[in-house]
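To keep things simple, chains are lettered A, B and C as they appear, and every chain counts its residues starting from 1.
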Amino acid sequence: MNYTADKPTETRTEDELAASITRASKKEVVLDVKDLSIFYGNNEAVKRANMGIEKNAVTALIGPSGCGKSTFIRSINRMNDLIPSSRAEGEIIYDGINILRNDINVVALRSEIGMVFQKPNPFPKSIYNNITHALKYNGQKNKKVLDEIVEESLRKAALWDEVKDRLHQSALSLSGGQQQRLCIARTLAMEPQILLLDEPASALDPVSNSKIEELILQLKEDYSIVIVTHNMSQASRVSDKTAFFLNGDVVEYDDTKKIFTNPSETKTEEYISGRFG
Amino acid sequence: MNSRITDRIATGVFYTIAAIMVALLLYLFYFILSNGLPQVTWDFLTSPSSSYQAGGGIRDQLFNSLYILFITMIITVPLGVCGGIYMAEYAKPGKITNFIRTCIEMLASLPSIVVGLFGLLIFVNITGWGYTIIGGALALTIFNIPVMVRVTEDAIRSVPKEQKEASLALGITRWHTIKTVILPYAFPGILTGAILASGRVFGEAAALLYTAGLSTPTLDYGNWNPFAENSPLNIFRPAETLAVHIWSVNTQGLIPDVREVANGASAVLVIAVLVFNLLARWLGSVIHKKLTAGK
Amino acid sequence: MAKASVSPSAEERLILTKKNRRWDEVRGRSLVTICAVIMIAATIAVTVFLAQKGLQSFTVNNINPIAYLTSANWNPTGGENASFGIFPFIFGSLAVTFLSALIAAPLGIGAAIFMSEIAPKFGKKVLQPVIELLVGIPSVVYGFIGLVVLVPLLRDNFPGIGFSLFAGVIVLTVMILPTVTTIATDAMRSLPNSLRQGSLALGATRWQTIRKVLIPAALPSLLTAIVLGMARAFGEALAVQMVIGNTRDIPGSIFDTAGTLTTIVTLNIGHTTYGSIENNTLWSMGLILLIISFLFIFVVRYLSGRRKI
């Protein structure tokens, strides 16, 4: 396995050193995954994964389908708790605390680590109420504040201009791509630290797809983003780091540029060049 | 015999069976409505029944049926919906859940006369209430709860998993998710089920014979004080329902116009069930459209 | 997004926080759990109270349970010579149950096959609503029509007075037919299409496919349908009571009058003095009804266990 653990300084060339310094200067780890294993019954879907996920960066998870990407990303905000047969071992350190602990308040955790799913899943309510749904629950009753948050999150999700005149229409009247951006806006309204996106664009047409990509690039200014994607070129366009999964193993985790130009593992190279998967 | 010919014959037999069932329904409805509708006059619906003479109506029975249905649903719907939520969302697979499932199944399969006996034992004799509306409604609750639980559980389970995940992933508790996302989505299913269950309750007689009784005191429809003896709203008075009335006029046969009264009452009963049925379908599809259409 | 830097430590936000572990989660969970407990309590209450009451004729009145079940002499008002044998009613109940199932099973399964294999479209559009409406007709209405149509018809064309075991069987057949059909249809519809295609591809006719492949594959579920129909027939009281004649002797032919457990209980429980010996023997019949209806559940469970294989 290959981690980003830096090589000893002595052996570095000047270029590498410079690269590693810029990397190091950015490199505040927001999620430190240590020896994470996830089981469904006896099936080990993620096998002792290690990964330092960086703050304000986009981390892409790639790999053939069924290799454990969703399982991995869903364990970061404990959505996997919903599956009775699933069980996790290892640690995910977030803000100094292991979020796999039993006494973690998953409800609070999920409001800090938001998630957007593959299939757009707006509530069958108005656009406006889709965004305020969680805010109201958290006690925000002030109409003016709500209006502001709605506008702000829709702007952040690059949807405001398209829907500002029909905020009170059903969210289901939006196109698939708009629905997905609404789902992102709804998550942003919670002011999360981390945004988890599980194949957010794979159900969408190419135009919506590229809109979502643009959006991701904007959002990484403010959020740490983990994105699962099937689309190799998308991963190379939007992400700073890439992890390649295969059969539950994290085969390689490194700078996206490195993964796509000069991967250390032949498996990675084979996958990227489209020889399998 | 040639297998093609056998096949033809078999197909013919299946068509015959289907035809028999359609014919059966048509005959039953034709019989009930053609005999019953001529009896169903405004006078019949609004005059009290008589004990010995001809010409009695079904006013009190009709009111009693509706009132007992109402009380029953007031008790059953919250209990059944909560039970259904428990089964669909909170019950963890295991022994306890299996046991609860067995209990629901047992309640569901109780013959209604057995429910009536239980009601007679508890709500009439042990409590000393005698024949009362509330006793009848409680007996009907036992008979109706398993239906409501099943309806709710099915409706909740058919809510797309994405909806639930969407809410939970926003950092909302399970209970709030149930209240604000799952129940609204499951509502058409629950409503349809509740209306169909109402039809069943409305036509039920065996569970009521010995709980709500075979008689109705003289009622004063101007008296809305639920504690007054002669108030129709008093839940501690005996109340013969429409279905029970059909049984009792036929069994006791004290009035000369048994046939006419029973025909009329049957028509009213069947029409009511029909209305419940159509209403359930119609409402279910309307609400479903409203929920899923992006208007 | 400065939330993390100014807000309290992760420990406080994610573990000690009260904010999101709100009371309404606890309240909601308790509420629905209480409802689940109520269902358990209701089941236990029904069982315990009816058992306790139903056993009184043996414990208080010292009736011999074996004689009670096997004697054919029911004469509760005989004073000195009173005798309490309910065998005729057990016989009557079993007779109407099995005979009506015997007629309803082929019809119901035939209708199910019609709906799933022969004419699915017509089945869904016409037959399905027909069946739902048949289910909806209240049992007193079935009893009433039996009384005014069937009984005179039998009286005029067959031996006997019209009120008869046979009349009860016919009324019950009509009543359980929709039950059997609905469940059997679900069973047939849930068979995988590959079964049909495989058989038809081998050159079998539709009827051969149905008889040799589909019915055997669906057999446990079809049996479940029949058993549930029988359970309904066994427990039905009023409709049968209105047409069967309610006599105390074992019928000599299907055109003789008869009585069943449900009909005798229905007729007499209101007329007898609470706590009297006759009254208690009626409660014992109620207990038998309860036990047998539980037995039906176990049979259904057994069958649905077989279904997975």
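Everything that follows uses one rule, which is that a residue touches a chain if its C-beta (ideal position, glycine included) is under 8 Å from a C-beta of that chain, and two chains touch if they have at least 3 such contacts.
Worth saying up front: this structure is predicted, and the values here are computed from it rather than measured.
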item	value
Most distant chain from chain B by Cα centroid	A
Most extensive contact between chains (C-beta pair count)	B-C
CA centroid of chain A to CA centroid of chain B, Å	50
Centre-to-centre distance between chain C and chain B (centres being mean Cα positions), rounded to whole Å	17
Multi-partner residues of chain C (each touching 2 or more other chains)	20-21
For chain B, residues contacting two or more additional chains	171, 173, 176
Residue list for chain A, restricted to those that touch at least two other chains	107-109, 111-112, 138
Residues of chain A that touch chain B when the two form their complex	77, 79, 82, 84, 107-112, 114-117, 119, 121-124, 133-134, 137-138, 169-174, 183, 186-187, 190
Interface residues, chain A side, partner chain C - complex	94-97, 99, 101, 103-105, 107-109, 111-112, 138, 191, 193, 222-223
Sites on chain B touched by chain A in the complex	92-93, 160, 162-173, 176, 180-181, 184-185, 291-295
Sites on chain C touched by chain B in the complex	20-22, 24-25, 27-29, 31-36, 38-40, 42-47, 49-50, 53, 107, 110-111, 113-115, 117-119, 122-123, 126-127, 130-134, 136-141, 143-145, 147-149, 174, 177, 181, 205-208, 210-211, 231, 234-238, 241-242, 262, 265-266, 269-270, 274, 283, 286, 289-290, 293-294, 296-297
Of chain C, residues touching chain A in the complex	1, 3-4, 9-11, 13-15, 17, 19-21
